[in-house]
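One chain, subunit A, appears in both complexes that follow, with subunit B as partner in the first and subunit C in the second.
On to the complex of A and B.
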């Protein structure tokens, strides 16, 4: 007996499974880096910090992409009310992407980065060595091919079927993701230009089009678990994603304060990025409103928890912690400190890791043939995982914020001669880093607990 | 939300607002790109600077350091290291860079370690030229002090 409305939705399974494997890798490398922050020479010869960080951030990006793709393969057929255009293509692209991602990470770990650049011919088309865009050019090309194939498959499915608002918002987000990634191929010798256009990938992804993807997935989940009228949810969705783009596009300006840019960006960036918390706040109101006005009692309580959790944590991490250092006069002192790291951790976890975990929570019991929801026991474990990871992330963020405030106080605020050097300052922050590492271990325990939930119903799964 | 605010209105705000602000953003970005030569001093972008940037990238320096505040927060800011370690003098800075790169890793127990990148003398000089170019870009008076 199948619990899927459309058989082709099942192609989402490998995407979700692989995403969770990469997520686990990300956390392990995060713990290695966290320890290197305080025990500087820990594994220094084997996994230098720059390698660990590259693996940590790249695994994050790639597992979120796998998650988004899995989400699209799962929800688009259901929204379109038709089978996926080509399940075979989806599976083929899964393997292409999974092999490319694995080889790239192995390349990071097994050879020095400069050797990887040499092997992959970076000198002929240099795109490597820029934060988050460290992938060899050939991997970047692979990502583009996978994205195009994916968009084609999803697009054809949508064209064939019902065109819902969720589908339209999702596809604009996904097209934006593919289009803005193309800026990663632009790497001029002029570092000033390079840095300016680098943000066209980084910011316009995470504070632009990814928010559309998040909004669409959340809307889908809310319709399913609350049974609230689609019309109401879709209206909210439009308003939220409109606010996200209206604030987020010019909000890019908050990255242009301290580059070779005209000073008007300090006004534009401050004003518009101060509006960036609004869509996230609206998302909190909307998620709670829909759940409170629910027309049905969905048995998947864990998915409901993730849906509410992602709205709240995205608002705190992206909205509040973003606003904390987004105004130009504040950012002058906080730019590139642990405050940035604090914000990045909670924002990525709250908005993007959690939305992927939300759809996984909703979809997995169906994909595994268990039914509408996992057993009570599995859900309890999953919810323990939710709370352990989420509370751990709140504390990681608080400790990094503490480190950041002290760093600004010691290194940035004093006049030239009295300011502590970077390395002296780092020594003073070690208590915060130790606390962050300990909390990171709690996060790992939460992740293990979360993973165990999949073992509970293994007999019921087919 | 009230009934007078329809889904159609919400949709129009989404599409209309997005297109409007996307165009506005593109316009400002074009203006900035045109203005940039005034502040980035690209007339000083020599072959050595371009090589230095390639060396910077090929060794993933951004994986530990920040450059103009962007990158990893594990090792010092290098956007102004030309002034901090070279006092704004290219020969002095190259001298510093040659000896500094040579003695890595420092091997102090427990201290954060910079790997040995085995760069040639020429490569270190080019890297120094790149860091000088970066330091001389006018970035609206950031960072607040010499410590970066």
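On to the complex of A and C.
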């Protein structure tokens, strides 16, 4: 017997499965690149460092997009109290996106990047060659088409069903995601101008509209697992959304400090960035509060753990580690160092990877026909996966922070020609990179453990 | 159904204490601690507010020791002119500070709900 409230929610399954496959790929490429930091020749002929880095970051973005789409397809019918407008369109778009993503990654790996640009006709509409937005123009157009189809499907479902705050916040975040991606097509030849608009995609995604998506998914999960009144959770969501937008939009200024922009950006960026931890702080307060005031003991303990973990890790990674280097006088020394990498790792894992894993944890038992929750044994494995990955990520962040502080000390602070060069500094940081690689391996073990939880209930799954 | 043992006034007092504790760890260090100290002997011995006040003072003293004293010791033994000193101090300070903030947030949530520290509901 199906355990889904609406049958069309099942279209979320391929999105979640593919997201997890890409997540695994991301971690493997991260480990390859991590080793290349200390053993420069490792697989250098096959996967050069720049390619490994590009695949690592692009897989992250794409698997999160698959996760958000799967989350929306699962959540929206239940919130709207109606079947999805077109399950067939959702499946068609899945295949379009999956094929495009796979071909793009294969393109990165199999041909030199310049050749890929030639093959895909980048000269006619140049958008390639920029960090995180390396995708060929044709792939970017594909992403826009998939997003439009997805928004149409989700939007039509919402229009014909119940309108809830969670749905509205989610669709606002998703529309924002699509709109801000359009700046990736603007590629001015002036590099300062290029960077200026590049941040419109990168910053306004992760420190703007994605927070809305995260807040909506977290609110949905908290309502389901705690049984706390929707009205209470919705009020919190309003506060979080307001804080995220007020701080996040002008917080873009922290990327404009050193971009040949007027000096006032250093004030604007510093003040509003200092406020950016607030929505994450509110999320911790609200998640703790809802779980503490729970009205039911949900059998899916793993989903509860993921929800709480998301709030805490997002606060630490995005809030605390973001604040660490966001003020202009500090950022003058730290920008582009390993401190940025430390922040990026914990923030992406804590805020976005974990929220996707939270909804997967909640939805998968239902999607697989197991029921409200997986078996106890499967949940124990899942929770082991949670702790191994999360603790490993904490240590990855700590080691990268250590590397970043030493990098600033050796490369940025000394004056009068005493500063070491970038490569000399990298040599001095190798102990941190080895430690990061070791904890990265533990992260991979955690991921494998997490994946194994799906095998435990395979007989019960229908 | 959850039934609180404490009345609204007690919960309000305990919540205010938890907020001062959180403020001491974030925006208003020291000043908030003085406010907390000024509340000693203001409540009945076994009251809910006294429980939270004692917990808040202990927590903030532990935080001061862990953040100021230990950091100072690291600097003292490591030396100001060593890069590794700053690696340890900065990484240690941020991590431990964040942990104390999280404990204080949990304390606030428990106070709001009329609960003592721990995880179980009343």
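Miscellaneous remarks
To be clear about the criterion, the second predicted complex is superposed on the first by the 461 of 462 C-alpha atoms of A that agree within 3 Å, B and C clash if a C-alpha of one lies under 4 Å from a C-alpha of the other, contacts with A are read in each partner's own complex, and residues count from 1 in each chain.
Basically, a residue touches a chain if its C-beta (ideal position, glycine included) is under 8 Å from a C-beta of that chain, and two chains touch if they have at least 3 such contacts.
Small disclaimer: the values here were computed from a predicted structure and weren't measured.
Annotation: superposed three-chain arrangement on subunit A; subunit B versus subunit C shows no clash, the two fitting side by side.
In the superposed model, A:409 lies in contact with subunit C only, and not with subunit B.
In the superposed model, A:239 makes contact with subunit B only, not with subunit C.
By the touch criterion stated above, A:284 is placed in contact with subunit C alone, subunit B being left untouched. With both structures placed on the common chain, the touch criterion links A:39 to subunit B but leaves subunit C unconnected.
Once the two complexes are laid over each other on the shared chain, residue contacts for A:165 go to subunit B alone; subunit C is not touched.
Annotation for subunit A, partner touching more residues between subunit B and subunit C: B.
Legend: residue contacts after superposition of the two complexes on their common chain; A:292 is shown touching subunit C, with no touch to subunit B. Legend: residue contacts after superposition of the two complexes on their common chain; A:337 is shown touching subunit B, with no touch to subunit C.
Of the two partner chains, subunit B is the only one that A:123 touches; subunit C does not reach it. The overlay of the two complexes leaves subunit B and subunit C separated by a minimum Cα distance of 10 Å. Interface residues of subunit B, counted against subunit A in their complex, comprise 1, 5-7, 10-11, 13-14, 17-18, 21-22, 24-25, 28-29, 31-33, 35-36, 39-40, 42, 45, 49-50, 53-54, 56-64, 66-77, 105, 107-113, 115, 117, 130, 133-134, 137-140, 142-148. Here subunit A touches subunit B in the complex through residues 33, 36-37, 39-41, 44, 48-51, 53-54, 113-114, 117-118, 122-123, 126, 128-131, 134, 165, 169, 187, 189-196, 231-232, 234-236, 238-239, 241-242, 245-246, 249-250, 252-253, 256-266, 268, 332-333, 335-338, 340-341, 411-416, 419-423, 425-426, going by the rule given at the top. Listing the residues of subunit A that touch subunit C in their complex gives 281, 284-285, 288-289, 292-295, 312, 315-316, 320-321, 324, 398, 401-402, 405-406, 409-410.
Contact residues of subunit C toward subunit A in the complex are 2, 83-84, 86-88, 90-91, 94-95, 97-98, 102, 105-106, 108-110, 112-113, 115, 121.
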